[in-house]
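Report on one structure; see the data block that follows.
Each chain gets a letter, A, B and C, in the order it is written, and its residues are counted from 1.
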Amino acid sequence: MRKSLLTILSLLMIASMVLAACGGGAPETDAPADSGSGSGGSSDSGGSASTGGEKQVLKVWSFTNEILTMAVAFEGQNPDVDVQFTMIPMDAGEYQTKIKAAIGTADVPDVVALEAAFVKEWVEADFLADLGDLLPLAEELQTYPSVVEVGTHEGVTKAYSYQATPGAFFYRRSIATECLGTDDPAEVQALVNDIESFLEVAETIKQCNPNYFTVGTSGELFNPFLANRAQPWIVDGALVIDPQVEAYIDFAKLMRDNGYESQANQWSEGWFAGMNDSLVGADGQPKKVFSYFLPTWGLPYVLIPNSGDTGGDWAMINGPLAYQWGGTWVGAMADSKNLDLAKQFVAFVALNEENLTNWATGVYTNEYLKAIDPTIADGQSQAAGDFVSSQVVVEKITSSFDGSPLYEWLGGQNNYEAFSLAAPNVNGALLTGSDDAIQRALQSARDQYLNGEIDKATMWKQWLDVVRSEFPDLVIPEPPQ
Amino acid sequence: MINNYKFNTSLIRFFVYIVLIFLLILIVVPIWILLVNATRSTVEIQQGLSLLPSTHLVDNYNVLQNRGLNMVRGFTNSFYLAAVSTLVTVYFSMLTAYGIVVYNFKGRQTFSNFILVLVMIPTQLTIIGFFQYMSRLGLTDNYAALILPLIANAGGVFFSKQYFESMLIQDLIDAARIDGASELKIFHSIMLPLAVPGAVTLGIFAFVGSWNNFFTPFILITSVEKYTLPMLVRSLRGDVYRTEYGAIYLGLAMTVVPVIIMYAIFSRYIVSGIAMGAVKE
Amino acid sequence: MKFTKINRNYYGYFFIAPFIIAFLIFGLYPLYNTLSLSLTDYTLMTRKGEYIGLQNFTVLFADQLFLKALGNTWLIWLLNFIPQIGVALLLSAWFTNNRLKIKGVGIWRAIFYLPNLLIPVVIAALFNSFFSFYGPINQFLVRVGYQVEAVHYLQNVEITRAVVIFIQWWMWFGQTIIIVMAGMTSIPVHLYEAAMVDGASAAQMFRRITLPLLKPILIFIFVTSLVGGMQMFDIPYLLTDGRGAPSNSIMTNNILMYMKFASSRGHIGAASAVAVLTFIMTTICALGIFFVLRDKDDTVSSKPKRSWFTKKSETK
């Protein structure tokens, strides 16, 4: 008895000793322990002293794995660079918190990816390096002005994006034919040209088949409505509740109360299931979703990968509201120890014609990446179709999408052409650094209201309480009636 | 009269078993569903609840691998961290407790009371100050920041003190002293081996505590290579483009199965361990 | 001889030195640091802070969310603690009852303790998917006809709180059973035998013998559970959106602290203020309850087999 206990304890001890020893001795990148025991102060001095024949290390952080693809491509072009890529999910704002927490420490990344919801927060603060000297590249590539505008604060440009993100309305051709009598994009666009007629279509579809929902969730229209505001959330230190915000809430309530939406939250399993007809109601009835509001990136990243065998049954139009949604900007941290390399990386990701062309046209397959770095996961690759920020590249590659698998998937439409018409209208001036927190708080209160848990007045109050808690200095207006 | 009494007892006993089985179901069913769903495809899971396993275990595993989330590394990290935490906690708790129990130094009583007070203090709440301090020292994103504080683990000392007090050790110590052993040597070569059952129990707690800890690493650790299993599970859920329900369940199940197996082996020590002395959660 | 003995006792300092040093560096200083940060406007985005007096605290007391978080934390803790201790007392009484002779006590206890070993992150993820709109609980209840249609369970304040409370109970009642049972088995059997001779009923024996003798253990469970409960984070953070949804109903002190820390400026000063207030409140309650109840207990004084909290000076 006593013996077996001893054995167990000593096994445990030996195991951890071995692990500890591995960590201390072998400088293998994957060993969990090397960071635990040896990093901290010693590594920076050692690193800079002995860079002679070693690879230059560039630390890149992002909230998805997209940029990893470009990081590998970058390594392919610069064999002397080792890009250390870190993905931190942005659920509940954890990604942003991690960057903030790393500032001023040895862990600070060199390059960070910044999502539209919080890019302004960083552009407005002092931690990003001035990337003004990359502006000539942007001019050369004719980067959409709104993309540069978002990355600029008080005349200083600190971040660039490889994407432009005008939004679109994707619908199922079969359901359109069945319920609306046509699947022709122009005719369907005429039917859903504004919010009022969109609601009429929603009613038609419900009458047509009670197991059809017009949208997955009215939450998809949050961004379209916000994009049509007259003012950003914060003007002169005061919160602005634009009439579009109120209009959105009323719209969402109508969608919920009339059963036009599947009620599956965005990014939840049910929402994805609607894309491939595998959505099943709690009653066991199969359900179908007519349409999804998604921007450029939604097509290759979200819709197509989840569409199952519904390919060819989709079409894309502008929908009731013009909007843009999301987008990833990249910036270099000001206290990066490799600022030049970081700039080089940003330029490669967002302002390099070859890279943007490869990115958009599906050159970065898994095989391509594996040839550079064999340790890349099997799922890592970039499918064709993401809409890039350079008008030069867009013009060059638009026609290449005719007849492509993407073209077939959309039942014979060129998505690039449609997006290139919408992209110049995107307005970058509505983004502010506080959007993310304000909008997340509103969404939480909204869900309560839509579900009938609280009334509208309570919803406004609850939202404003949270905003006040988050921004104690902000002037908060009276809630809408 | 006696028959009646017996009848009553068996009636109560019947009732007790009903309650126990009800509690058993409450515990087992969620875990069982988790394990079953790990073997079902996303579509199957969306179709409805099932208590029977399906055939998609391998598919789910492949999906999980393709997502680039390295569960094996998460495991290694968590295991490494938990093992070192365990050693540090056990050794230093025993050392401190031994000092209190064996030596009648001035202030011993105060120190001993102080430990008891520390057990009742919400230490996790100092995390913000701790974080800012560690970031000044450049120790964020470093396991040392998670391990070194365990040298002063009040719960562990409290437990070890109970344990040493229940062993009659003074004679042994005196005998060893006559043999000329040094104080530290007495502790290392006589007392520690004798205290192995207590050490195992304390060690299991320290291990489980570290293994399950989410909050502290969540605040302190940034790089994904150092992510512990709970943080990785969190990423599993937080991935934006997630679609694969089955793979998520598999990821969750992968964290649960080893614990259940370990528990099946160690449960005797764990249960008797809690009985020996309550350790702070 | 006496001299060497005194000398030897100095070794005690040597043995407790690592603890004291580590405590000063990793326990006391962070506490002091938290306290001093709470008096500044330090943020992650500025990396510096000015002394601003008690301003963080005045802002906090005006903050609806803080009062709400405080109330939530107490409510969730109390409502999971009461059934936890109740079930533990009941099951321990059954398990230790000589007449009932329940079979497999060890196995039952081991199973009931199992949830405590699972990673809370996993448990929260699991229950989140159980209760989702298209999740198994909706499916089940609609198909058996109990519900007409699917319900957003985790949008309902009461249900979401109940789920958190249930999970906390689920995770911790097994441990409480084991501790309570350890206390019960240490009560000398002869006390019960004597009571039975006097014709006491089972209920009377439980109230007059078991409960008073269990008191030290119950106080200990009570205090440690309180301390843990006031720091509750994992389950409520991970079950919904990490911000206490719905309607901030499961926002706890620690979630609010983390929210301040993770807010758009990373307001460490405000986060520290939450921590300081929670810390003071919890410490006062825990130590207060412990010392008040324990001293009373000493006057009743019986002798449980192992005294958990007797000070050395008192046993002399």
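The working rule: a residue touches a chain if its C-beta (ideal position, glycine included) is under 8 Å from a C-beta of that chain, and two chains touch if they have at least 3 such contacts.
This is a predicted model, so every value here is computed, not measured.
Chains touching chain A and chain B alike, please list them.
Common contact partners of chain A and chain B, which must touch each of the two, are C.
Ranking chain pairs by how many C-beta pairs touch, which one is first?
B-C
Counting only Cα atoms for the centres, state how far chain A is from chain B in Å.
One centre to the other, that is 36 Å.
Just give me the whole-number Å value for how far the CA centre of chain B lies from that of chain C.
One centre to the other, that is 16 Å.
Go ahead and note the Å separation of the Cα centroids belonging to chain A and chain C.
The separation of the two C-alpha centroids amounts to 39 Å.
For chain A, jot down the residues that touch at least 2 other chains.
Expected reply: 91-92, 94, 101, 104, 269-270, 273, 279-280, 284.
On chain C, where are the residues touching two or more other chains?
129, 134, 139, 143, 261
Show the residues in chain B shared as contacts by 2 or more other chains, in ascending order.
46, 48, 219, 234, 237, 245
Considering the complex alone, what residue numbers of chain C touch chain B?
8-16, 18-23, 25-27, 29-37, 42, 87, 91, 94, 99-102, 106, 108-122, 125-127, 129-130, 134, 136, 139-140, 143, 170, 172, 175, 178-179, 181-182, 217, 220-221, 223-225, 227-228, 230-231, 233-234, 238, 254, 257-258, 261, 268, 271-272, 275-276, 278-279, 282-283, 286-287, 290, 306, 308-309, 311-313
In the complex formed with chain A, which residues of chain B make contact?
Residue positions touching the partner: 42-43, 45-48, 62, 65-68, 73, 76-77, 79-81, 83-84, 86-87, 131, 135, 138-144, 147, 193, 196-197, 199-200, 203, 219, 222-226, 234-235, 237-243, 245, 269.
Give every residue of chain A touching chain C within the complex, in rising order.
Listed in rising order, the residues are 91-94, 96-97, 100-101, 103-104, 118, 121, 125, 127, 263-265, 268-270, 273, 279-284, 433-434, 436-437, 440-441, 444-445, 447-448, 451, 453-454, 462, 465-466, 468-472.
What does chain A use to touch chain B in their complex?
Contacts found on chain A: 2, 5-6, 8-9, 12-13, 15-16, 19-20, 23, 29-30, 32-33, 35-37, 39-41, 63-65, 68, 86-92, 94, 98, 101-102, 104-107, 267, 269-270, 272-273, 278-280, 284, 301-302, 305-306, 377-380.
Which of the residues in chain C come into contact with chain A in the complex?
The touching residues are 44-45, 47, 59, 63-66, 129, 132-134, 138-139, 141-143, 147, 149-150, 152, 155-157, 241-243, 245-248, 259, 261-264, 266, 270.
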